[in-house]
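Here the chain labels run A, B, C and D in written order, and each chain numbers its own residues starting at 1.
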Amino acid sequence: MKITTFIGSSRANGNTEILTDIVTKNVTHRRIYLKDIMIKPIHDLRHDMKGFRPVADDYDQIIEAILESDVLIFSTPVYWYSMTGLMKNMIDRLSQAIRDERYPELKEHLKTVNAIVVTVGGDIPRIKALPLIQQFKYTFDFLSINFSTYIIGQGRRPGDVVKDEQAVAEALLLNEKLKLESKSNAH
Amino acid sequence: MKITTFIGSSRANGNTEILTDIVTKNVTHRRIYLKDIMIKPIHDLRHDMKGFRPVADDYDQIIEAILESDVLIFSTPVYWYSMTGLMKNMIDRLSQAIRDERYPELKEHLKTVNAIVVTVGGDIPRIKALPLIQQFKYTFDFLSINFSTYIIGQGRRPGDVVKDEQAVAEALLLNEKLKLESKSNAH
Amino acid sequence: MKITTFIGSSRANGNTEILTDIVTKNVTHRRIYLKDIMIKPIHDLRHDMKGFRPVADDYDQIIEAILESDVLIFSTPVYWYSMTGLMKNMIDRLSQAIRDERYPELKEHLKTVNAIVVTVGGDIPRIKALPLIQQFKYTFDFLSINFSTYIIGQGRRPGDVVKDEQAVAEALLLNEKLKLESKSNAH
Amino acid sequence: MKITTFIGSSRANGNTEILTDIVTKNVTHRRIYLKDIMIKPIHDLRHDMKGFRPVADDYDQIIEAILESDVLIFSTPVYWYSMTGLMKNMIDRLSQAIRDERYPELKEHLKTVNAIVVTVGGDIPRIKALPLIQQFKYTFDFLSINFSTYIIGQGRRPGDVVKDEQAVAEALLLNEKLKLESKSNAH
C-alpha cells in the first residue's frame, strides 16, 4: 500500500502537520509540501476549442504522486473555514489533469484511491469545518474516490492540537489501521 | 454608495461573470479581475515573533478597494464545490491584511461593509454550493461584515446561466435594489 | 399533472402557507394539513422478525396522496432550524410505507415524483435553513425522487414573508411554471 | 454534576442507545425514553393574543429534567438524515417552554447547560449527519447552551455500532471525561 500526504499549510510544523504526524507515524509514505512547490491557479479552458495548454510548474509531481498511491492524505489547516489557497489551487488543477492526454489512466486510477482528510482549525472546527468536509466529499464522489475518513482537530496556538484528546485518539486509531494495512499489503 | 466586484473566475465571460453583469448593470462599480493581478498565497506568520512580512504582489489593490467600498461583490464560479483558488488566496490574505499596520482602519471598516456572493456551478449548485455559502457566512461573521444576500446560478456550458430563470430573476431583483441604493446614497 | 401539498405548520395562515399560496395560486392541487390529521411517530421495526405492524392513524391518506401525485410540495416553517415535528413524523413513517405490502408500487412511483420544498424562517433562513434543504436532498436521493427546487423565505411576524421580495419573486416564477406544466399535461 | 439523557429512538437497545450506554457507563444520570412518554407536537401560538395554552401531556417532565441538569445528552438515531420525529417534537416544544410562566428560570438555566449529541446512522453518517449536527449547533446557540461535543457512529443492523472503532473510541474518551467531572463536582 502506497501513501502520499499533501501538506497544505503555509508554515512548517503547524497543528495540522502535528496531527498528520501522529496519523502517519511509522507508516511509510511520501510527503509533499505544497508551500515548497509551484502550482499555478487553473486556467479553465474546458470550453476552449484548443483545450487546456501545458503549464510550466510543478503540477506533474502531484499527478505522478497520485498515480502511484493507494491512499491520499489531504492535510490542510482550516483557513477561513476552508482548505488553504495552496491546496485549493492543487485541487482546481485536477480539472485539467483528468483531461491531460499524458495521463490517460488518471481517472480510472482515482476510482481505486482511498482518501483521508486531516484538518485543524481554531474556531470551533468540529462545527465550522463541516462545510469543508462536505466539499471534499462532493469532490471525491465526483471522482469516484473513496472517502475513508477524516479527522478534525482543534488548535489555535502552535502545538495546541495535542491537547485535543478526541482528535489525538482518532489519529492514533487511524495510525494503527494504516500500519496494519501497510503491513498486510506489503506481501 | 461605492461597490467593488471581485471576479474570481479564471476565464473571461464565464457564466458567473454573465450573472454578475446582470446584477451590476447600470450600477457604477469597480471591478477587479483576480486572474489579471498577482496575489501570492498567504504565509501564515501570525505566531512568528516578527509577524507578517511585506509581500511583493498586487494585494494592496485589494485592501484599498475594500477600504473605499460600502458593498463588496464576491463573484466566483464553483470550482470543486468551493470558490476558485484565485479567490481563496485573496481571502486567505485577509489574515495578514487585518494585522497590517499600514491599514489600521481595515477591521473597523469591514464592519460597515455589505457583502454579496454571486456564484454559478454546473453540478446541482443550489445544493452543492451550500457549503461554499456557509463558509462565506462564517468568514463574514468573523469579520463582522453583513452578508446581504447571495445568488446561486446553474450553468455548465458557456452562457448557460441565462437559461436559469430563477437565478436571472434574483439577479434582476438585486440589480434594481443596487440601482435604487446607489441613487439614494449619491445625495 | 397532479400535485399534493403537505402543510407542516402547526398554525393556520402562517408565513410558509402564505408563500405556498403564491406558489400554488390557480394551480389545481390537493392540500393536506398535517396538523389536522393524526400521524403517529414511527415504531422502527425494520429489524424485528415480524416487521412493521399496522398503525391505527391517518397515514394511509399520505401514502395515497403520494401515489396519485406527480409533484409533491413540502411546505414547512423552519422550527429550530429544521422541519416541524409534524412533518418529521410524516417523513419518518416513509420507512414503514416503502415496506408496506399493501402499497407495493410506492417505491417505484416515488422515482417518478418531483419534489418542491417551501420553507420560511425567522432567523437568517437563507443560511440557517440550508441544513434542512440538505436533509431533504439526501432523503429525495435515497428515494430517487427528483428535487425540483426549493424556496426559502424570511419572516418572523405573521404576514412578514410578503416583504421578502426575493422569495416572492421565486414563488411567482415557480407558480408560472406549475401553471404551464399543469396545462400542458392536461391534454 | 447532574446529567439527563434523552433517548429519541423508537425502539429499545438500538445502536444509538448502545453507543450512549458506553458514554454513560458508570456515570450517574437520569434517562428519559421519549418513546415511552407522550409529547404532543407544538401548537405555535407565539403570535396569538392569548399566547400558548397549557398542554395535557408529559412535557413538564422534560422541562423539570432540564432544570435540574448541568449536562444534557441528546441521543437520537439518524432517521432520514435528521433527528427522530419523537425528539423533534420535544425540541419544538421548547418554543413554548421558554415562554411558560411556570418556569421563569428556564431560559437562564439553559445558559449554564452543556449539551452532548450522540447519534448513529446507517448511510455514511459521518457526512450525512452533519446537517443534523449543524441544526443542534444553531439551536444551542439560540438558547446559549454550550455544545460540548458530539459523536457520530455508523451502524445499520442491530449492534453494528460496536464495530465502529472510531465512534467507540470517542465514546470511551467522553465516558472518562464524564466520570472525572462527575467525581470532581460531587464534592
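The rule is simple: a residue touches a chain if its C-beta (ideal position, glycine included) is under 8 Å from a C-beta of that chain, and two chains touch if they have at least 3 such contacts.
Please read all numbers here as calculations on a predicted model, not as lab measurements.
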{"item": "Topological distance between chain B and chain D, in contact steps", "value": "2"}
{"item": "Copies chain C and chain B - interface residue numbers shared by over half, same or different", "value": "same"}
{"item": "Chain located farthest away, centre of chain A as origin (C-alpha)", "value": "C"}
{"item": "Distance between chain centroids, defined by C-alpha means - chain A, chain B (Å)", "value": "26"}
{"item": "Rounded Å distance, chain B centre to chain C centre (Cα mean)", "value": "34"}
{"item": "Separation of chain A from chain C, taking each centre as the mean of its C-alpha atoms, in whole Å", "value": "39"}
{"item": "Chain B: positions in contact with at least two other chains", "value": "130, 134"}
{"item": "Parts of chain C lying in touch with chain B, wherever the complex brings them together", "value": "126-127, 130, 133-134, 137, 147, 149-150, 165-166, 169-170, 173-174"}
{"item": "Residues on chain A engaged by chain B in the complex (per definition of touch)", "value": "9-11, 14, 35, 41-45, 47-48, 77, 79-86, 88-89, 91-92, 94-95, 123, 128, 130-132, 134-135, 138-139, 142, 157-158"}
